Amino acid sequence: MLKIIFSVIARDLQLAMRRQADIVSALFFFVIVVSLFPLGIGPETDLLRKLAPGVLWVAALLATMLSLPRLFADDHRDGTLEQLALSPYPLGLIVTGKTIAHWLVSGLPLALIAPILGVQFDLAADALWVLTLTILIGTPALSGIGAIGAALTLGLRGGGVLLSLLVLPLYIPVLIFGAGAVEATVSGLGGDGHLSLLAAMTTAAIGFAPWASAAALKIALE
Amino acid sequence: MLEADNLECLRGDNRLFAGLGFTLAPGELIYLQGRNGAGKTSLLRMLIGLLPPESGDIRWQGESIGKQRDEYHAALCYLGHHNAIKEELTPLENFHHAARFAGQDMDEDAALDALAQVGLAGREDLPCRYLSQGQKRRVALARLVVDRRPLWVLDEPFVALDVAAVDWLAQIISAHLQRGGMAIMTTHQAVEIPAGAVRELRIG
Amino acid sequence: MIDRFNLYRFASPATFYPLAGKLIPWFAAAGVLFGLVGLYIGMLVAPTDFQQGEGYRIIFIHVPTSWMSMFIYLVMAFWAAIGLAFNTRLSGMMAQALAPTGALMAFLSLWTGALWGKPMWGTWWVWDARLTSELILLFLYIGYMALVAAIDDPRRADKAGGILLLVGVVNIPIIYFSVKWWNTLHQGSSVNLTKSSMAEIMLWGMLLMALAFWMYAIAVALARVRTLMLERERNAEWVRKMLSEENA
Amino acid sequence: MIYWNSFADFLAMGGYGLYVWGSFGVTALVMVAEPILVARNQRASVARLKRQLRAEQRAESRSPAA
Amino acid sequence: MLKIIFSVIARDLQLAMRRQADIVSALFFFVIVVSLFPLGIGPETDLLRKLAPGVLWVAALLATMLSLPRLFADDHRDGTLEQLALSPYPLGLIVTGKTIAHWLVSGLPLALIAPILGVQFDLAADALWVLTLTILIGTPALSGIGAIGAALTLGLRGGGVLLSLLVLPLYIPVLIFGAGAVEATVSGLGGDGHLSLLAAMTTAAIGFAPWASAAALKIALE
Amino acid sequence: MLEADNLECLRGDNRLFAGLGFTLAPGELIYLQGRNGAGKTSLLRMLIGLLPPESGDIRWQGESIGKQRDEYHAALCYLGHHNAIKEELTPLENFHHAARFAGQDMDEDAALDALAQVGLAGREDLPCRYLSQGQKRRVALARLVVDRRPLWVLDEPFVALDVAAVDWLAQIISAHLQRGGMAIMTTHQAVEIPAGAVRELRIG
């Protein structure tokens, strides 16, 4: 059980390392989108501080989303996905591995760099900490839900835009609780409630989403 | 033993075949023939359980394959039109990952041995991107050297191979049949399999 | 005629590779020398700044890295233009070899600037024109490196990277002025880069440090271009000969 | 000639020590790391190319001179 | 000269009509991103009004960007791009046509729907008008610059994310002047200066960018 | 007259060919041969100016093709591995667009006529997505019926065609040669071109 998950993670990480561009690009997309907002809105520190959680979260969401189309597409094109579907392990476990690898490559780096970007928005230390925490807890849910969308749109024309169309509505709860936790902290209300809801959603997504993705993949392979 | 009963295949508006049935016993090879687009690949994908047939039934050891997916997959080795290798990884890495996903862990020596057998000695550490088409195919075929699963499903395995490699692969398939394995394959080339009971099946 | 011949000889990898190898130690030594003297003057001799206290000493890194980050991009664009116009092999490699150093300089400029801004302005970062355009410059470097890394065929990579560099270099002034406009129109500048007339000794320290960074960048870029050359020309006669000679 | 009274003064940088040394430290780190990385890449390239060359020569010498 | 441009525009529009998904998805992405912000930031009207220009502009920019990867990819895959490169007209003219068609499909609809979204952010009538105008004037520049990025990343691994990395920094002046014009109007300063700069940039982009794209395309075709 | 001099082609680390040269005069056909991966497609792409040769020169009517790009393109008709048709559009629309991009406007009747000649009568208004592989190829070939440009460069034009269509295409090429046209083509099938001076060129 665990072994196949680890094998998949190891392979996907190895691939990401070989390609390099993969990791760096999702991260820099995040950085760039976040940096665009002050440019669009103006440099007033007070205003920016208020926006920070929302902007960072929306950017994290978009960055994750943009890396989704390739989650299964490469394996699909070169026939690896067929082989994975034919392995004697449940496809859901394999998708779990791929989802975790996706998060390690596209979610975790966001959490690591978020504090630096938060500083650009002049966030206080505790808010920075909560922000990092929410992104750390929330992005696995984004990867999990996103995997379902990626599996559903695998091999379709215009799949990329279709994928965002499918996935964004499902991302909204994560966004609301993620940004909400930071705002609550900034305004002194305490973000614990939000955080535990976020954690609950992530747990549910990680447990449930891979099986939905696996079902969708089987359809895509027909 | 693999049995297919009364299979029907619809793609879009076309009925590719209907009422197709056969039995594949240990030591037997079915040689699937038909013009391009006749439905050979579609049939193979039905047999491995990726494409549900419009009607009809496929049984492995007497039981429908849908009901024993994981067990069936553990008994099955499929090689498709695509090589299922990653261009960024080396032959050795690709081979390891493929073995692991098939549930067979492999030590370094056995892996190097298999790669040497398919003529990739000295290229084990070169990313597959730099390999020629035929060498890429060989990386995929290296799995067959160590594979002991009873049922092989091979979709045009000889494509892109040179003459020596075609002979080598025919030997490998023969050995598999003599061990009591089963195989079903398609090919547009005429290839002589030296041993085992070879049967032709024509569709379309 | 003779000039032309020499130029082409110089630009051919077979000649340039050993030449670069010989030059690197000299540039490195010059860099270390200038750096040590600059640091000595800047850190030990120069007096304090009456407005900023000792914090101003960051200037000895901040300004050279800022200059280098902009200058290296210009040099890369220059090589790109040469490469696209005359189809020379060396120019693309030069541009590629400079990029990581340029990106590092941009990063250091941002880093030292942020560390300077905290004590001086009370914040790590403001969306000021100069700061913002430096950030964008860093993105341009990274974009260039990512593009070049994504293309397998080196000649294609050179040309595509060259186009990107030229488009980018046209954009840098536009970006700078747009940010400046946006910023100043919007609100009175809350930030004043203090332009205290520098003591002569400080100026000397800064110039020496700038020279040191310059030498450093040249040395590193030459070293990197040698690696690139080796990889690209791995089947050329001179590389094979050199490798087998070193073997013996 | 030297501006500082003591080494401790020098380290404290008039209260700006963290910022000044933060800048100089990271810069020094980067400027030491980059040449090391470049040199390592160069050595790795040379080693790999040599290995490939040797392998090729061996293959050539083994193949029958047809 | 003009004839070949019109032929290209006509064909691309015909294709977009046949596919439908193309037009609808860019628009929907725009709408969704704009609607995410109030969710991430909270419902305060004053705050939202201040944000509106920036958010709408960033969203327009992202929506345009997401439709870029397919600008040349389809023609590349099926061999049409080669034929276009071999036609007896300068490739720059053909790219001009494709850029204009891209704008008609992905920029113009944004301008048309922007006022409606602006109302959601409680913008005043004159601000709405300027907003629409800036998007109308600014998006052609986005299409033009984006075409360069699309041509440079044509056929590359992970092209989509790389494309955004290349293109976003170059979009910044458009963003600043676009959002700046609206903000200046809102704050009563008058956005004419910004608007004319925006128009100048668009003119330059439309005139110059297609030739850079054409050069990049020739490299991609080698 | 098309002349190639001392052409050299490098892809990655491989030198595909070097020192290759030939002259193609009006009424002549060059039949390019070589194993897979020998560099046939690469050579054709050099000839049409999409791939700059590593060294060597290509001249059209005595002048280097790089110096007269637009004029050269106006004299050139290229058909590659890909069909360059849009699946969403009908054969008629595809044909019109292709003609327009080649600088040749076409009235409705001439277009319908050309499509009928390639056996697509009755399918002019069906989106190409629904056509068979061979019919898609025919949509691309329909251009040759009306094309009067002097130089044809055809990369495996017979692929996916049935016997009747192969004969028809051979006729079309013959007619082109008899009109004083030039052609250079590759194919793995053995096809007899009834008229014109046919010469073989082998690479790799």
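Order of writing sets the labels: A, B, C, D, E and F. Residues in every chain begin at 1.
The definition used in the following text is that a residue touches a chain if its C-beta (ideal position, glycine included) is under 8 Å from a C-beta of that chain, and two chains touch if they have at least 3 such contacts.
Please read these numbers as outputs of a predicted model, since none were measured by experiment.
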Set of chains whose contacts include both chain D and chain B: none
Pair of chains ranked first by number of touching C-beta pairs: A-E
Maximum centroid distance from chain C, chain identifier (CA atoms): B
Chain whose mean Cα position lies farthest from chain A: F
Inter-centroid spacing, chain D versus chain A (mean Cα positions, whole Å): 34
Distance from chain D to chain C - Cα centre to Cα centre, in angstrom: 17
Chain E, residues touching no fewer than two other chains: 19, 157-158, 162, 165, 168-169, 172, 176, 183, 222
Multi-partner residues of chain B (each touching 2 or more other chains): none
Multi-chain contact residues (two or more partners), chain D: none
Touching residues (chain side chain A, partner chain B) in the complex: 4, 7-8, 11, 14-15, 18-19, 74, 77-80, 82-90, 94, 218, 221-222
Residues of chain A that touch chain E when the two form their complex: 19, 21-22, 25-26, 28-29, 32-33, 36-37, 39-42, 47, 50-51, 53-55, 57-58, 61-62, 66-67, 69-70, 157-158, 160-162, 164-165, 168-169, 172, 175-176, 179, 183
Residues of chain C defined as touching chain A within the complex: 123-128, 132, 135, 139, 142, 146, 149-150, 179, 182-183, 186-187
Complex interface listing, chain A residues touching chain C: 20-21, 24-25, 28, 31-32, 35, 38-39, 42-45, 48, 119-120, 122
Residue numbers on chain B that touch chain A, as the complex places them: 45, 48-52, 70-71, 73-74, 76, 78, 80-89, 93, 97-98, 100-103, 127
